[in-house]
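Let me give you the structure first, and then I'll get to my questions.
Chain naming follows the written order as A, B, C and D, and within any one chain the residues start at number 1.
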């Protein structure tokens, strides 16, 4: 019953996120990283159809055999698929078709869930729900990108306010002593394979900020010429700044002598006390260098997390996304979930204002390429603790 | 009254062409040459608002000041505009907003047309209607591209058949004697500036086919290895064949040992007697070379046109798109209509099954870049007449 | 004997052009259009080896079988070849090897020429010599590019002065009456296939400048904002200006408030009375538009040429490079010489200060793509003659 | 005296490496990662001129003020420089000029070294010599690339044999117990800043191969379809395989049914027992995955290194190139040496047959981007030790 309830709750939430959209907003893909909302709605449904219904519900009839080609994201094991850059070129299936697909699959899933399911199936369903929650965050980030890059700058929801202030007001660094810490998921609850296995890591003495960097603090970096002094930047970050003429976080516009940013409510003045957002790894690292500090490693973050307030921004860490000791891939298509992306990306920890409730946890490893900014990413500082 | 009637007829026809579309089909831009249908609907409306209503209808209030940025196509004189490659990234203005825009502008145009208009204004309105007719052809070609490149290959209209046979059945070449011919538009009717001025051209003896090349004839070229023998091709045509692995006209698919093509009715077997369509200049020239012939020049075409049956395909000519002697550009933004494109394109003559009725004429000069194929383009052969 | 003397004279001249170079200068290819000088020396030799010695000199042994791969330029009929963009990546064959290759082939050619040759062979040899003369002009233009884009701006020859003034001082337009003119090569002498066949062309009344546009005149265009006013430019020319941030002819540098240009003698002040040089088609057409005139067509140029002084600059015409009526390609590889390039290029007429003596003629058709500037290209104006 | 001797030895060795080259070989840059040999000779000299002679030798006169522009590699602090992709377009300075530059600077350095130097200066000179040794390895790898990609496949030195067998014949895994290990440089000798500071790392139980993977073993992977089974590959590695149609290590050619590879002696059959070479990170990781193992981390490698035989290949590790705890950059231009590259690259440990003698050490951190193969890179396997 619990599982069936969860299933319904999660599935409805995806539709709820899209409620303010016009049909046209479901279709476009302004950059390769941003998928059309209708694609997210179809792809998360395809996951249940492909991995649950087709193999495990006797007598199930596929909704449309062409949908595997359209809604497969990256699973090489499950056949050919639409090239990722072409997702925004597809006007069909129409939104109403995708909605019917969701209803059809949900109904079949209800049938499946009306009977007791094996432990193995339950694990797969929970994976599918966590997968859909990940796409719910992407729905928010992609919708913001689609509307925020339209020249009309339409609001998503005039009543949906963003974060106004950093959660933790202590102006302080948490001192963490050197020693062996346990890292990675333990216990019964759900986790992704990349959080395993739990293992020991030795950390040197360090200090980690209790707060996220605010817009006001980041503005100080900008006004100090942060974007025009190569010394703060990685070489490839500096190239990125010059090639793209970056001068501010994503969504920031300098209007009538004032910094504004695109929000759920449309263009708004910057809130000085809110945590800075939509920052690339390069910018996060450059800011830290300018402050004479650095970003925490993902291990430092996890070790300190129980004493931190987190969840407003995905926090860039100074750790590359690599397997933990003893990491193994599941057999079959599900094994493509995480392992094959463990190269050239950086780990982010925490969560954000658009992360589904209870979706993240202190062992959760998010990951993106260094230049990407359309996620709700921010900065927490760390430093070696020189006084211990 | 005639002008007002024409205005209504033309404007309604654009809406009629889009009637079979779903909202989503109005939005996408799968390649840079193909614009979203809603963009065509907005852009043709913007033309009347910008060049007629704003300067000439007292008290006219602009529908939305942001629309100039969205719907300006290429007029440098009329301000900045959305980068052409980004047209498909815009979910807003929504289709319903574009429809309201059309209604708003049409109503204001009616007001303008209720009073007598000067000759100068009438000329501008007729230009706007001919401009909209050009975009009606583009609506057809772009809609075909959008649906024809969707993996579901949806039909546009199950009842809309294509051309089944070439119009002129005479299997013959028309012999044209050497001499001076008059080329270019003359008389009172509307023409574009690129058709002026009428002037003398000396032509050598030549012969021009009374028929267009058929699918069956083109298939013979394919089966003779036409796409794999460099000798028939221009150097840059041969590069194009190899880079894009071209093996057949656009929309042709080899399915179960048979050539089929995407049509208004979805995928259909090739009709052998229909004129071949969706051919690049390179392919047209290679086919002619394989036959030991050539394409006609635009002057040869125009001289022979009164005795030809034409209008099924835009016919590639062996003429580059260049100004006629005495060509002059109109002052202001309207002067950007044609002249600035007179480089690196080839002239096509005739018309096609999707050219609006009465839109083309024998002096009409269409033009596209050599590799483009999404227009309804075909082949007519010519040769020097060796027997006179 | 005449042929053998010509052979020696032409072949030695290629070596003479390269005499001021250092070994390193023979190797590099800074842009795809510029070939390494040693490649020109090898390729022109390969022509004689491939088309004369191997088929026609009994007992001839190929110098090195790998050289066909290295020195074939674009003849699809003669096997695979080094990709054009890779010519500058080849350190071998070394310059000394290429020189030995030239000597080896020259010696064999002498053997061939010691005996009477058929008319057909003579034609091929003369084609080979004209081919080498074309590459002699390319040697000059490519050497200038290589040295002129080196940050040290080394001189080619401190004693080699450029043109100081336009040849024809008459400040006048030549009035040409309407009528039928004969265009194309006639008579016994050598010509390329693209100059054939001679045919009638009807020209309207026109006027053509007796002089080339000077640096001072072009500077007036620049100072009048010519590079920042879109109205003078073709759409693709305007894109080219903005993308490449073009502000002046190639090789011009604004140094200490003065315009200088790179010459054979290194950096020198602009000579106001010299004909402007290193101009793209776009710039030539924009300049003409700014003057309210146009470029002549290639037919207008040829008809007027007997009364013009020409040969300082290759003069852009308003004609696309297309076949003459009755043009036919030679069979075999030689047929690839010209015809396959008859698309997307513009015709230039005349000749330049680096064209070999007696190489050009009034029927000669040179051709390049519109944006190219590394040739010695200039501007002659034309206009309709409104007073007749 | 020791320092002066070292200086002479290292400087002469660079010249010695280039001895077999022709002048032309010094000039070309077939890919962006490969610099022209004369550039390496100039750049290493520029280092001494810029950081030692100009600030520290009274009365020193710069050899040529333009050389800073030509020979600065990436130091933003030391002014503008030739764009990296343009190094191969520079025919000047000629090789003989670079040689004179070296002699001039060496002579001045001798003057500097004839007097006692401060500790600070000695550190800088030793850094300059280690820098030149790094470029000596690049000279070898770049020369191999230049000659090995020439269609004539010329030998570098007919008498220079490569490695014939893996050094360590023990077919075994070294078992390493879990625990805290000390990582990073300690003691008096030279090290780069990226090897600091020495710090504790906790490692889980692991096993590391005593041998490198051989050509025969890698061939088994190829023959088992390793390059066509996506399951072994990272997603971006799989893209790389398909985009570049990779089927074998760099320099391998399938000739007459046999695998051969380009060596110092020209094309040679593969030696089965030699350690596989010229492997990307993607290939190394895919091979390990196919074997059901993984690559060691750089920490596992360093902990085991005292008991390993290493130095035939640079060994890819499963560690991203990131700063050690407490890493700090030197002030000024020297601070640009390493830190700014600590993103998007993987660490390699060990050394290779072309690493200068005594240049590497067990704490040495080499780093390259995952797809690069022109270095002498190989594979050592690791796995979790399940039996302890």
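In this text, contacts are C-beta pairs under 8 Å (C-beta built on N, C-alpha and C of every residue); 3 or more make two chains touch, one makes a residue touch a chain.
Nothing here was measured: the structure is a model prediction, and the numbers come from that model.
Trainee: Which is the least count of steps on a path of touching chains running from subunit B to subunit D?
Mentor: 2
Trainee: How big is the gap, in whole Å, between where the Cα atoms of subunit C centre and where those of subunit D centre?
Mentor: 45
Trainee: Rounded to the nearest whole Å, what is the centre-to-centre distance of subunit B and subunit C, using the mean of the C-alpha atoms as each centre?
Mentor: 36
Trainee: So which stretches of subunit C touch two or more other chains?
Mentor: none
Trainee: Linking chains that touch, what shape results: line, ring, star, complete or other?
Mentor: Topology of touching chains reads as a ring, each chain with two neighbours.
Trainee: Across the complex, what residues on subunit D touch subunit A?
Mentor: It comes out as residues 74, 76-77, 178, 180, 199-202, 204, 206, 230-231, 233-238, 281-282, 285, 294, 318-320, 322-323, 325-326, 335, 340-344, 370, 384.
Trainee: Flag every residue of subunit D that touches subunit C in the complex, lowest number first.
Mentor: Spelled out, the residues of subunit D in touch with subunit C are 22-30, 38, 66, 69-70, 82, 86, 88-95, 146-147, 149-152, 154.
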